[in-house]
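Next come two complexes built around subunit A: one with subunit B, the other with subunit C.
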Partner chain A sequence: MVQGKNESVFQAREDLSSGGIIDKLASFFEGRGAFLFLVPALVLIGIFVIFPVVWDVYISMTNASLVGPSAKHYIFIGIQNYFRLFQDFLFLNSLKVSFAFTILSALIGQAILGLALALVMRMEDIKGKMLVATVVFIAWVIPEVVAGYAWSAVTDKQGLVSAILSLFGVKTEYSLYFTHPFEVIVVANIWRGTAFSMILFTAALEGIPKYIYEAAEVDGATPWQRFRYVVFPLISQAILVDFILITIWTFGVFTLPYMILGPGGGIGNAGQLWTLYIYFKAINNFDIALAAAASNVMFVIVLALILAYLWSMKYFRRW
Partner chain B sequence: MAQKTGAYVAIAFIIGIIIGALGGYFAAPGKTVTTTAVSTTTVTKYATTTATTTATTTATTTATTTALKKVTLTIEYGEPWKDLIDMAIPIFKQKMRAKGYDVTIQKIMLPYGTNFVSRLASDFAAGTAGDVVVYDSFMTAAFASAGYLLPLDTYVQSWPDWKEFPPAMQKIVEYKGHVYGVMVDTDVRMIWYRKDIFKLAGLPTNWQPKTWKDIFDAALKLKSKASEIEKALGINEFYPFYIPAGTKWGEGTTMQGFYMVLLGADKPPYNRLYDYKTDKWIGKSTALYRAFAFYIDVYQKLKIGPIQYNFASDVWGTHRKVFSEGKVAMDVGGSWEWAEGWGPKGVAPLKACKMQCSGQSGSAYDTCYFNCEAKYVGYAKMPGFKGGAEGEPKYVTISGGWAIAINAKIPAYKREIAWEFIKVVASRDVLAKFAAEKGKICPRIDATQVPEYANNAYLKNITEYLKFTDFRDALPGYTKVSKIIQQITEEILSGTITDPMTALNKYDQMLKSAVGANNVEELPVNTEPIYTG
Partner chain C sequence: MGSVELKNVTKIFPPKTVAVNNVNLKVRDGEFFILLGPSGCGKTTTLRIIAGLERPTKGRVYIDNIDVTDLPPRKRDIAMVFQTWALYPHMKVYDNIAFPLRLRKVAKDEIDRRVREVAKMLQIETLLDRYPRQLSGGQQQRVALARALVRKPKVWLLDEPLSNLDAILRVQMRAELKRLQKELKITAIYVTHDQVEAMSMGDRVAVLNAGRVLQVGAPSEVYNKPNTLFVASFIGSPPMNFMHVTLKNEGGNYALVAEGVNITLPTELGKIIEEKASDANDLILGVRPEHLELSTAEDSNIRGEVYVIEPLGSETILNIKVGDNIIKARLLKEITLSIGSKVFLKVSTNNIHVFDPSTERAIL
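Now for the complex of A and B:
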């Protein structure tokens, strides 16, 4: 390997001395100039990822607004917005709502349902499993705006859920998204996101050689024991990856709850996730500085969660 | 060797991308507008050899020998002003051709259901707003102070039509002595009511409440007859009285709802959000107390209002639909609803009138429909608390309206062209015809010279309201105050706040934190209940 490299460098030197401009360029790109290939990607990341983050931190320390005099001339006010943020009952409420939403809809709902469905998909002689898989996939592939409208229609006073409930003699006086905004977005998000966990777990299960199951079966393990001592340890990495990804996504979910509940998050702000809160502050209240502060806090919390996951991954490996 | 070939390919690839990107950039005809609702009307390339033009198109014949200068003008407006813009575009294009320009209009039409104010604010902030914008006039101070709007002083001064706009209509678009827009429509607000439902409940079909008590009495009577009304109309829910509340309505809550109550809640100047003598926002007052009490009575104590409609996905569409279906008997709303809400081409036309006039078409259908609408839909002036007995206004209404303005970031060479467009939009015939068609009040005095407008009986009636109309306290900071009102009324809807004093204290506290305690004053509060049955 080392020899090969030396050879190519040697060749490049020779080419350089021998002349042609194209040859020289080629040698350059072969050697240290290779990093130039990264430049377009780095420029794009710089413009679309790093700059907005830095700008966001800066804006969160000003009194910038979307309209009014402070849209034109804003001044540096230090960390005042962060103080304002933690005094705002709506923000604290949105923190609570977001955590509950992520735990219930993603970590419990999507992951467990996804795992269950993946296990069912592996079972032989179960009829209609392709149909179930198709339905789950449809929920995942339709645009979020459509899904949001569909859920407001389904949970409307004259929607499907009310119609089903009325069959059992339960009369709904109001629309469900109105009386139970939080529950509606939790269920809608489980419905929407389960497919991803299912795919991930199906792939992980596919990776387990069949003879391991057979060996466990021969050893007399019950189905639960097979799951607990064979399947679970083997897919624990996949579970963690799933947890990391769905946590990030669910914390960032915006369109679906926005379509169902609007930026206020429904009655009593019961479904106002912090993504909705940020939108509400920035676009409805024109207070972009406070919204920027809120999104930075969100970034720190999500980062902490992911680091915690990565740490636990190490632990799981030992286990 | 293979490595070297790879490097050649990579070099060629990078050079290709750079050339492609540069080519794409310079070949693009103009700024690309990234929005969901963009449609482009392109002028057909104006041929330079059209010497055979007929005598009727005199304007087009003037520019036959020289090539026209190509200009693209972007217009951003909400769907309610679609017809106005569409009416103006051909006239404007023809006018511009005569002046040697071939103007392509790029339309950014924000569809119904969009929060126009928020959308425009973010477009301005992002630098993607149109060259010419139609905006809600209460945002004049907020947009102008942000440097988003071009001052139009020199333009309006040399425009003879400017004097046709009455002082109030000139004042709305002014900020710190400069004019920033031209009003394209104005409005008044009232209580819409369903005559057929009133009849069913034994209430007069020609109804005009004189006090707030009259409203509550009528609403309670309707409530007591709810099941009969539901049966007669074939509906499954019924609410007597709807006044906008909560954050979903946005500015609608403050303008359509809260101001209509506040202005009649006490004698002037204590019936406002702002005290112009002390230059402070009012944190506590009898008027504010009574206004919150009104909302609490409607939504919590008497339970005569539909809480959930204030949380619908599309609150505007819902309020129009439920009134049209008879699920709401009284609706505090704007004068445009006569046509835009439940008119023949409105968002939610009345089913009965559609059926009744189904045999007809065109203007005969419209006439038939409006005659029918007058039998079903009535409108009454919003009374003051005790109808003037305590010095408060006898009747109240409030006017706003939308204005057309120029984006401050427009390139200098387009300014004149944008102003020409505004002149066409705000010209007498265009504005008057649009107003008559939409049942809106025309902001120009000379609109009455246009037959379509002058012969409209409905517009004639509501023009009466202009005599006692009022305006918002649209100073910088108003948007923040308005948001607080939306928040507090939402808490009333959700039942978090159930008594007016709590609402008032919370308002005062939120107001102080939003505009600074130094800018807030507290007036004495009379806590007498507003309705005792």
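Now for the complex of A and C:
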């Protein structure tokens, strides 16, 4: 019965192909036809990735503005915007802030804390480690806007931090994000992004077989020596990957600092990251051409950093 | 110096897996001591307890009469060779071997001298500049041995170090390991499930099953005088033959009897069995295949018919159906018998083993 059914299906297929419909379709797709399948993706990438990049480069060489006459009739002015950019104190400041922010909150804060947490997670008989892990994950998964508001509230002069400080007799006259804008966004970003490094390092540590640790233990290594001479070299590549990713992400962080500090980056622009500067120039000052130039400079610098990481990668893992 | 003693050591893995059950062992200085047993018998856990990688739930561990139960591995002055060899993949062979010395801040010249010395001994001098992944299994194993030896530890712990090698290399390394251990006069505790390894390498063997030590003794002793059914069945290849028999006593003339079996016993042997057995009508007779020989009908005390013949070149394993049992006889002569033909066998009463099925312990 079943066999008969199968046979009839085969028969039908044969009829179709011998009828030539499938043959024709097949030969059509075999030549240029396969390209058709790529078209939807290419169109989307073209509209949303390639065009903006090209347009961005072009616009950075014009006198375009968001409003006013030059919003409609802008002219090509060469690389003048780039000269303006490097004469702009705010831009140089945002460069400095962004580098400091990335080094402190990502490379030092998230990576070291993430590694420490990953190591703790591997230890046996540590109580409450799952609770810590859960808290770290929550920080990572809640929406960035919500996190931003939460940090504003916590560091407000009537917020949690002030309340705790007042317990110790410290009176806070101003909100913390007002007096220490840079420090607040650094801490907030560590809080927010540590989970990623923790997961990455946990996976890397899981990749080291248990007997390697044990061999080091029997060979006479103290816990620190085991980390320094065995664990660290074996996860060095994961550390590099982590550095690449969190560098890219941290340079691009916008929502969290924006929610806490606004586009100005707090008092004295102390927390005005690059991204905030670009937003500030484009939306607040309508200077879209300068903002475009700034984002292109940012792109080149981040690209250079990534290439440096990748280049250094070949010095790791020679084994 | 390097003696090891375990006193009443028990290890329970939560919730209640008893891996090691009240083990008492004494390993003498300079001895090649084997922990032998099937997988899951607790031999590796016992070794790890000696190494300090596991803490015993109960009991104490002594190295050179010093209680080391609470000391971490690095303070016990032991070295271990893991089943997987556990070489550090990111270090070259030289650095792998030098690692234990570097941790102890030994002077550079001294490290170099000792690494080269041990590398020469194990014939891996030409490999010092390579990474572990560039080595064959046998070479990796030598590096692991070198790393364990370079420090001159008190005790050398080996956890099935040969099991990942191919058969030919295994036999070769077996002899080399033994020579090395004797040359260096180092105490070695060696875990294996391979009874051939145990017999050929060990000065003494401890047979473990289900977390307990069943018997400790020289290989010949464990082989010739197994104290339990388990030890008798585990040691020897092909394994010992077992048959249910009854003890007949006809006016002081004792015999072990079953279908196809009638072994006349000297009176004193018969008396011993009668005294010790909980039920003389239900005994287990054990005979090693190598102790069975072909004989004439009159001289024979076991008879049956040929079931299968396995010629192995230098010897022949004859499978014989005796009653309901198939027993194996290991014969050095060429066999002219054919399947189904009657066969008469003889075993000397010096070579029989009798066990009590209720206790599984040896009576004789």
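Going forward, the second predicted complex is superposed on the first by the 282 of 319 C-alpha atoms of A that agree within 3 Å, B and C clash if a C-alpha of one lies under 4 Å from a C-alpha of the other, contacts with A are read in each partner's own complex, and residues count from 1 in each chain.
Basically, a residue touches a chain if its C-beta (ideal position, glycine included) is under 8 Å from a C-beta of that chain, and two chains touch if they have at least 3 such contacts.
All of these numbers come straight from a predicted model, not from anything done at the bench.
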item	value
Partners on subunit A (subunit B, subunit C) - clash or fit	fit
First, second, both or neither for A:Phe35, with subunit B first and subunit C second	neither
Of subunit B and subunit C, the chain that contacts the larger number of subunit A residues	B
Contacts of A:Gly262 with subunit B and subunit C, given as first, second, both or neither	first
Partner chain(s) touched by A:Trp311 [first = subunit B, second = subunit C, both, neither]	neither
Subunit B versus subunit C as contact partner of A:Gly220, first or second or both or neither	second
Partner chain(s) touched by A:Phe51 [first = subunit B, second = subunit C, both, neither]	neither
First, second, both or neither for A:Leu25, with subunit B first and subunit C second	first
Smallest distance from any CA atom of subunit C to any CA atom of subunit B, in Å, after fitting	38
Of subunit C, residues touching subunit A in the complex	51-53, 72-74, 78-80, 82, 84, 86-91, 99-100, 103-104, 131-133, 147, 151, 157
Contact footprint of subunit C on subunit A as seen in their complex	209, 211-212, 214-222, 225, 229-230, 233-234, 317-319
Complex contacts: residues of subunit A adjacent to subunit B	8, 22-23, 25-27, 29-30, 37, 40, 65-69, 71-72, 149, 152, 157-158, 174-175, 177-178, 259-264, 266-268, 280, 283-286, 288
Subunit B residues touching subunit A - in the complex, by the definition given at the top	3-4, 7-8, 10-11, 17, 115, 118, 121-122, 124-125, 139, 141-143, 145-148, 236-237, 246-248, 250, 307-308, 311, 313, 476-477, 479-480, 483, 490-491, 493-496
